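The structure is given below, and queries will be raised subsequently.
Going by the order they are written in, the chains are A, B, C and D; count residues from 1 in each one.
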């Protein structure tokens, strides 16, 4: 992946690029670490908190907010099982990543019935 | 897997067998759902609670206690990363499963430097 | 959990109990390790094989067969996304566990629209 | 997160920003979906392939290469267990993401004894 003049070694992403990369890592981590977790309205609060605090451990991750949507969890539970498994359609997630001067806001929300992870803002400097 | 006289259809595990099977399911679930989660002493309490409450949702699971071992977490953190990833050597787990008349106690503990999931007791009736 | 007369130390599960516990561990591990994996008919074969070979690494696990059900995967895919996430309703699983003289067969199958992990047989000796 | 003049609604990331975000998502997904999987030299090939094909299902993901490092896997196995659990130090990963005109190359490699996910190149146009 490097050519003769070593261009590859010299590559340095811009701060906004690195910040967006970091933001994506956190989202993928959160989703695939916790998807499948047994969840009920009674256990939703502790799961929200653990997800936030776990991902906030990762570098450049300033804040994570997870809302497990009790109404949707209830709808997903039937047969008296009393619980379901966490998927993207049962939660809303917002994150703030900081890298250098750059702040990135991301959000997971439903679009056409599908959970979509998206960049909400990328801002440099003190704005 | 069934033979001509349909013996397989007729198979019914004993309550202790089913209880031990259920206990194993909970252990495997807990371990492989949460192993790899970013963890620090600061986030350990919320993770313990979420793990317990998540697995207690599963059928026949009466109680789950998870202790993330802060001292070991601290030892596993270096390079100033501030966090590590959850593995079996960083926690102790105890569970109580009930199936019919049978109560099963299980524990994950270190043995020869390896985390081992084991049956601590299988008791029937009111004992 | 141990009392003065050390009763707890003395507990040894029977081979069938331990075999059923081991069988449960494998099932919970397989399910919660791989649930959530992006899957399509094109990637289903490699996922089946990786799941089998991964869990067969675990102690006392003699054989694992995973069938990802292409028809159901196709039904779960829409919006042109081209893939879905693995859940219990998209696969069938069979396992054989051996512990001492005991062989345990397990199967995950749909029951009332829900994936259910069950003990299919527990047999001792040379049968 | 939106202010009175609806500035937030109007935000559109640049293609390089979105491409880097997508690249991060794939890395976080791959890592946290598969970390913890039981692995041995014998099962490493099927796991590599399943990881690649699973993540290549995700949007904008053009190619994923996973190398499980047999030598390190062997070193991580002891006690005759015959397997270990997948972590970042046991594999090398390269990915290519395409978004619009932008191609992003990423790599996970060891740095100071730690696995680090990094952007290797971000290039626009036909270059």
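Convention: a residue touches a chain if its C-beta (ideal position, glycine included) is under 8 Å from a C-beta of that chain, and two chains touch if they have at least 3 such contacts.
These figures come from a predicted structure and were not determined experimentally.
Undergrad: Could you quickly compare A-D and C-D and let me know which has more C-beta contacts?
TA: Higher C-beta contact count between the two pairs: A-D.
Undergrad: Between subunit C and subunit D, what is the gap in Å from one C-alpha centre to the other?
TA: About 27 Å, centre to centre.
Undergrad: How many Å are there between the centre of subunit A and the centre of subunit D, using C-alpha atoms for each centre?
TA: 15
Undergrad: Can you list every residue of subunit A that touches 2 or more other chains, as numbers and ranges?
TA: Residues 29, 31-33, 36, 81.
Undergrad: Which of line, ring, star, complete and other names the graph you get from chains that touch?
TA: Shape of the chain contacts: complete, all pairs touching.
Undergrad: Within their complex, state which residues of subunit D touch subunit C.
TA: 29, 33, 36-40, 42-43, 46-47, 49-59, 81-83
Undergrad: Okay, in this complex, where on subunit A does subunit C touch?
TA: 31-32, 35-36, 79, 81, 85, 87, 112-114
Undergrad: Touching residues of subunit B toward subunit C in the complex: what are they?
TA: 1, 8, 11, 13-14, 16-18, 20-33, 94, 105-107, 117, 119-122
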